[in-house]
Amino acid sequence: MSEKFDVVVVGGGPAGLSTAYFLAEKGFEPVVIERGPEPGSKNVFGGRIYSYVLDKYFPGWRKEAPIERWVRKERMSITCESDSVTLDYVKHKPLKEDEYDSFTAFLSKFTGWLSEKAEEKGAMVLPGSRVEDIVLNDQGYASGVVADGEKIEADYIVIAEGVNTLLSEKLGIRSKPRLETTALGVKEVIRLGKEEINKRFGLEDWEGVAHFFIGGPLKGIAGGGFLYTMGEYVTIGAVVRLSEVNRKEITMKDIAEQLRLHPAIYRYVKDGVLMEYSAHLTREGGLLDVLEKPYGPGYLVVGDAAGFILNTGFTIRGVDLAIESGRLAAEAISKAHEEGKRDAETLSVYKRLVEESVIYRNLREYRNLPKFLENEVLYRDLPDIACEVLGTAYTTDEEVRRIYPVLMNSLKSHGLGWITLFKLFLEARRSI
Amino acid sequence: MSSNMEEKPLSVEKRLTLTKFEIFEKPHIIVDTEKCSKCETKPCIKACPAGLYSLDENGKLVFVYEGCLECGTCRLICPYDAVSWSYPPGGHGVWYKFG
Amino acid sequence: MAPVIVYSEEESWGKQLLTAAKGLGDPVLFTFNRNVAEKLSGMYTRTYYVKTDSFDPVAISGALRDVVNKESATILLFPCTNKGRMIAGLTSGALGFEAITDAVSVVKTGEGLEVEKLTFGGNAMAKVKAGDKASVCIVSGSYKETEEAGSTGELVEIEAKAGSVEVEYSPRKMEGVDPTKADVVVGAGRGVKKKEDLEMIKELASLLGGAWSVTRPLAADYGWADSWIGISGLVISPKLYIAIGISGQPHHTMGVRGAKIIVAINNDESAPIFEEADYGVIGDLYKVVPVLIKKLKERKQQ
Amino acid sequence: MRVLVAVKLTYDINQLKFEKDGTPLLDACPRVMGEADKCALEEAVKLKDAGKAEEVTVLTIGSSKEHQRILKDAYAMGATKAVMVKVDDPDSLSALSVARIISSYAEKTGPYDLILLGSGAGDTHSSVVGPMVASLLGVPLLANADRVSVENGSVTIVSTLEDGQYKFTSKMPAVVTVTSEANEPRIPTIRDILRSKKKPIDETTPEELGAHVSKINIESIIKYEVPRKRVKIDATDNVEEAVEKLIKALEEEGVI
């Protein structure tokens, strides 16, 4: 068989499938090659997707996508050994379904849905095949891929391999991710049943909670924990910088269980049934991790592989940026194809499109955050101080307890002076 | 197999039995344990979320690939480039049903 | 009482299924083993012995079908073995009976049979209604063997029609004791690294006056034995089963659930076999088994 | 020659989880093509590769996307035709009903020289469907094949049963059930997968086939555990002491 395709997309995750979806919409016949046994089978994320991007491109998605719950409550906790401080943000006004701006989902299922959408438009999704290499022709143009030992030719190749983008490394456009800007996420899916979840979290119907926390079992470690409510399940997990694993006494295989058994979380997931344990890497460098040239002769790089992922400190955004980059890649390929070209110069329009898009607007805005989040004070001292101060504020007995002296003592015992705090404040102002 | 949780940590081995795998007969990750003998910190042992790296009785590094979550951590964290890392062949390896 | 037909080619099964059949009706035995026919005919109301030179499932099932028709029977009981399942399937297909396998109890109610059966590799127990015409394959150990001799039952000899399948049979090479009949069985799994290491397993078995066997991979993949313990192989119910280097896949453990006491020796603390064991020894089998052999020898000498 | 292979979408029982009260969480349990069924299909495709079979039709009963997926997988492995007998809740069909559907299809679209099935499904493992199909069609049964060979209109299998090894030979047509020891099913290449994408799946129903089906009446289904003592004896450090403990316990149990 000497078939040749318009476009071969390597990787059937959100970025790759979106690229195929938008390409097919433009009349191309893209082929997505996915190494997993079905689309989505290798995908892991925390649990939340933002609605705006789907509103733009997938009419009717609210009725058909595999949505677990609509996020109504946002929580952020600073957790200590025996107590925690939580900020709770709730939208009180009754919301119609199309007013929720984010929802929880299982990425494997969501990706499965995206795959169906892409196929409806005319893309071909081929799971169960691993791409090992990109074939370069004599002029150095990407002209095909080698999948499980067989060559498949194409005019354009889209690399949508995710965080471990071995092909980009082979092409020499990217080096191995750095430990300082890469984090390992581990996650557990726990079944509790819808009613039980609603009871424990004070929710109604299919409303959901997104809960982020620092401290607790992760005390002193740059990283955070998360909890999302799904339809019948709760997911919990931790995201920890790899450089931290190197430096500190921390065993990643145990983190998820330490998190689950921490009193702040255990009360929510008690008596559940553990369904799945998963792990995945994520980039945390923000703009620093973005591929300078996500294009080259005959190829483009999208999604996580290109570094389009954003850690806002509260949440990691990837799926919306992946979908957007897929749309822009399709745009760029379509333009190049009209001109009958596949050179790097022509395809560089992709980079310009990305720079003008929501992707760069956000990455630029948050460019100082990764540095700010390296501040050990946040993980080592802040939880204790917060718990000590509020612990005092909410304790009443015969003793006279004023908050201010406690705050001062607490700061002092952590070796924090006003100058350090002021610097931290300034940094925060620039980053968040 | 019971996955009902109690108030004590479940071992990672136990948790891995809850995740679905299509194990391929050959390993997709090869560790050059010669290099590991020079490595003092062996961060892979702490970092692998599946706990697949351990030391045997003689202090030699042992790696098993069954149960690999394909996260790629060991590839990055190894200070001696001892980990030849690739994905399992098509259709194999971990199969997340939730993700 | 309506007749209940028991298919058995073995004495032990014939006695277990007799117990089950008595609760359902008038027990009638069907066998192609002359020994079994002679030994058990005193226990059953009637016994049909089919003369046949070989195990051709189609021919045997044909003879059984004739007996069912002659007796106007609506309930058939089979051992839950590979052969039992074959004959049950062939016979029920031809008669239009439902076939329920992996049963641990069968009760007759006003609406037909109510069967409790294992499913999902023995991980779950299902209660099903089987209607009034059914073949039921019963798991070993679900019913106790009966020793009660009734009045002298009638022994009817019948001929099987020649089948169209050629059969060549080579009996299982038995080293020592038959695991399905032994009081003690020692099983070896993939933790045993080399074929020569099975000697240690055999020694332990003979010290305990029992039998040895292996898990399916050791028999089917490595060819270290002719048969294996598990749902697709031998189902055993000894007093003591010692699982050595066996992780405990459901298909294996379902074959040993009838054991009174299960001991597991395995170095992987999270191996599922420990959930199925009364005594779980966590340790290297290559260290534990030799010591166990040594201590058992000392004990014998005392 | 024409070969019919029946495959089942089975629960991956190693992944089955239970609610605290023992209810199985079937919705969350992954489903795959039966392991032995896949080996049966591999045998059929091997016959095609050897030029002995021209047609390999694969049939499954069900109507979900996952049923479609296993039929596409069958195409990728080399089947020449895929058929879905549409039934909404195929897991509630009795073994006899399943056998009736397969045999009706074989009669309606046959004759087939060989009908291959897995010797047992990973989840229910009844192993009676193959025998039932044989008797409904009135053809010989060769069951539990660890090896299959087809030569000059005859099929020979080797089967390991309780009391030893059997070699069964018969003229075709015949029904053969295959164990998961029979072979290592192939892994389709990307070209195979690509081709499978474009192939159509035929659909029919038990009514169209004239197969009378009935559902089994499952009253309850619950996690099953044999009550065991689960005493742990640590022999990682002191083996002698641990073994003594074990022997003492077994003496007290009266089993040695």
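When the chains are written out, they are named A, B, C and D in that same order, and each has its own residue count from 1.
Here is the rule we go by: a contact is a pair of C-beta atoms (placed from the backbone, for glycine too) under 8 Å apart; a residue touches a chain by one contact, two chains touch by 3 or more.
These figures come from a predicted structure and were not determined experimentally.
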{"item": "Path length in the contact graph (chain A to chain B, fewest steps)", "value": "1"}
{"item": "Centroid comparison with chain C (C-alpha atoms), farthest chain", "value": "A"}
{"item": "Chain pair, A-D or C-D, that carries the greater number of C-beta contacts", "value": "C-D"}
{"item": "Length of the line joining the C-alpha centres of chain B and chain C, rounded to whole Å", "value": "39"}
{"item": "CA centroid of chain A to CA centroid of chain C, Å", "value": "53"}
{"item": "Whole-Å gap between the CA centroids of chain C and chain D", "value": "21"}
{"item": "Shared-contact residues (touching 2 or more other chains) in chain A", "value": "38, 127-129, 147-148, 271, 273-275"}
{"item": "Multi-partner residues of chain C (each touching 2 or more other chains)", "value": "123, 250, 275"}
{"item": "Multi-partner residues of chain D (each touching 2 or more other chains)", "value": "14, 16-18, 20, 28, 187-188, 190"}
{"item": "Pairwise touch network: line, ring, star, complete, or other", "value": "other"}
{"item": "Each pair of chains that touches, named by its two labels", "value": "A-B, A-D, B-C, B-D, C-D"}
{"item": "Complex contact set, residues of chain D against chain B", "value": "12, 14-18, 20, 28, 30, 187-188, 190"}
{"item": "Partner chain D, residues of chain C touching it in the complex", "value": "55-58, 61, 81-83, 85-94, 96-99, 101-102, 114, 118-130, 137, 163-172, 180, 183-184, 208, 216, 219-221, 226-227, 231-234, 239-240, 249-251, 257, 260-263, 265, 267, 274-284, 287-288, 291-292, 295-296, 299"}
{"item": "Contact set on chain B toward chain A in their complex", "value": "3-5, 7-10, 12, 15-16, 18-19, 22, 41, 43, 46-51, 69-73, 75-77, 85-99"}
{"item": "Complex interface listing, chain D residues touching chain A", "value": "17-20, 25, 28, 69, 73, 76, 187-191, 193-195, 197"}
{"item": "Sites on chain C touched by chain B in the complex", "value": "123, 250, 268-270, 272, 275"}
